[in-house]
Amino acid sequence: MTAQVPLDHELQSVLDLTGTFAFALSGALLAVRKQFDVVGLVILAEITAIGGGVMRDVLLGTTPPVAFRTPAYLLVPLLAAAATFVAYPQLERLAPAVILFDAAGLALFCIAGTAKALSLGLGPLPSLGVGITTGIGGGILRDLLAGDVPVVVRQDSELYAVPACLGGVVVVSTAYAHVYGTEAAAAAVAAAFSLRMLAVWRHWRAPRPRALWPR
Amino acid sequence: MTAQVPLDHELQSVLDLTGTFAFALSGALLAVRKQFDVVGLVILAEITAIGGGVMRDVLLGTTPPVAFRTPAYLLVPLLAAAATFVAYPQLERLAPAVILFDAAGLALFCIAGTAKALSLGLGPLPSLGVGITTGIGGGILRDLLAGDVPVVVRQDSELYAVPACLGGVVVVSTAYAHVYGTEAAAAAVAAAFSLRMLAVWRHWRAPRPRALWPR
Amino acid sequence: MTAQVPLDHELQSVLDLTGTFAFALSGALLAVRKQFDVVGLVILAEITAIGGGVMRDVLLGTTPPVAFRTPAYLLVPLLAAAATFVAYPQLERLAPAVILFDAAGLALFCIAGTAKALSLGLGPLPSLGVGITTGIGGGILRDLLAGDVPVVVRQDSELYAVPACLGGVVVVSTAYAHVYGTEAAAAAVAAAFSLRMLAVWRHWRAPRPRALWPR
């Protein structure tokens, strides 16, 4: 059984670009913290922004990736990099807003990735895998290039992949119930975004393996 | 000249899943040693398990990768992650068994990758390259995500890529001699597996460049 | 509007192989400096040499990548690795020559990547992105595998991505002016190569974000 998922290309583009900007900013800010030069700034902004979507399209075989077919996907990170180049201290003071936008990007990317995988006939678990990869892939590449262990796997970080997973589960389950559409997509985005923001606010972390539990 | 390689899909699936479980376990165990949370545990288990096969399919252009078309490839690493989550100390005590299973996974993945590349018309050296990548790719991603220099390139590690290469050479040479089939595949797996286990047992290491030789 | 770019396959192959050898050597030399064994030597030589081109072909969807369809692309790095294995000190003394060859490789790869992307119908900015990725991708993988933050993003390194970008801009602009051909390609390579060598000679570095400027 293949879920029928209508793919609203225009809506998806707008959502993708919003997430792209937020992700690019998180890459650009990390580049300055790491004292990279302007090239590092641009590379981190670009790769954080388009990395997840490129992984999605490479995995799905829909190449060249969207990010290389629509100029805006490469332009938007350049803008984020330019803004960070001239006004890093001001942007760093906006860190809470960046977390908010990043949460939006995570939610939007994951939902778009899951829906695209379903629309191409992938099963529920693989679609979820593609969706989560779309959401967290750029951040993983960002951290690797910056010489850090990816935030998403560290136990000192608030829930990040789990909200992406929740959003994907909403997409998959509504798709299989034949009620996936604009409303369901919005609900999925809201669920992922809310869980991520709650986790940041309440410092919710993923459980650690039993062997690491304090006695 | 293109080697004709019959591809037994069912056999290949069983072998791939065995290797998948062993690789997932090695990723999950490393995640606990690195004190990652459950998300890191799942990500390392999944990426170690399917990373090499995904690289193979992306390189060969056979996307979506097998790991995203057959649910078992994503489910098996989840099981390995769950087992590690609840029973890490017991599994860590089974480390010798994990090395054994990992050697089986390495052998199976490399042979399957080499055979798949040959069956798609690639030449002997590229097929060998694809096969070795299939065998060692997941472990390289595992180590990078964990913040380590990949074990496979370090001089303090026992032979790992060399057994994979040996298995691939058996596949390529039997394929070009038109005798590749179930027996030859089994011989290739046995050769790679045996050399890996011998290397672990006897602490065989790859030679170091002359400049690093002790005087 | 799609730029019409004639693709001289034979010329491109020769140029690619020259760059391949230079890149392989830079990977092999780093492997010895990092005290890797011969497996690490071969892996770093191969991945540095073909990494950028493989990324290009995976992004463009032209798989299997050229490096897996033409045996020379995998053979040449093996030769570089073998040479480094036996004669590292002599090659290290040739470091200035390696920088020169590496600059040639960078220029050739970037121009070839940009031209290939244009020839497949990608727009100017995406083509530039693919070109730069082709030029710097292998070096990024080399540094990640060696456990280093990629040289290309660090502020203590001479211009590297910028010359690649310059070469790509020459290709894109001449292509859109309908004058791209062998002469324009040569001019693009010369521009990228010269800027890189000038940067090494004069220690030109990319500007740092304003927040990192000394007061």
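For reference, chains read A, B and C in written order, and residue numbers begin at 1 within each chain.
Throughout what follows, a contact is a pair of C-beta atoms (placed from the backbone, for glycine too) under 8 Å apart; a residue touches a chain by one contact, two chains touch by 3 or more.
As the structure is a prediction and not an experimental result, all values here were calculated from the model.
When chain A is fitted to chain C on its Cα atoms, the angle of the rotation, on a 0 to 180 scale and to the nearest 5, is 120 degrees. Of all residue numbers that take part in the contact between chain A and chain B, under half occur on both sides, making this a different-residue interface. Remark: chain A and chain B have CA centroids separated by 29 Å (rounded to whole angstrom). Among the residues of chain C, those in touch with two or more other chains are 58, 61, 144. On the side of chain B, the complex with chain A involves touching residues 31-32, 34-41, 43-44, 46, 54, 58, 61, 63-65, 67-69, 71, 74-75, 84-89, 144-147.
For chain C in complex with chain A, the residues that touch the partner chain are 58-61, 117, 120, 122-123, 125-126, 129-130, 140, 144, 148-150, 152-155, 157, 159-162, 205-212.
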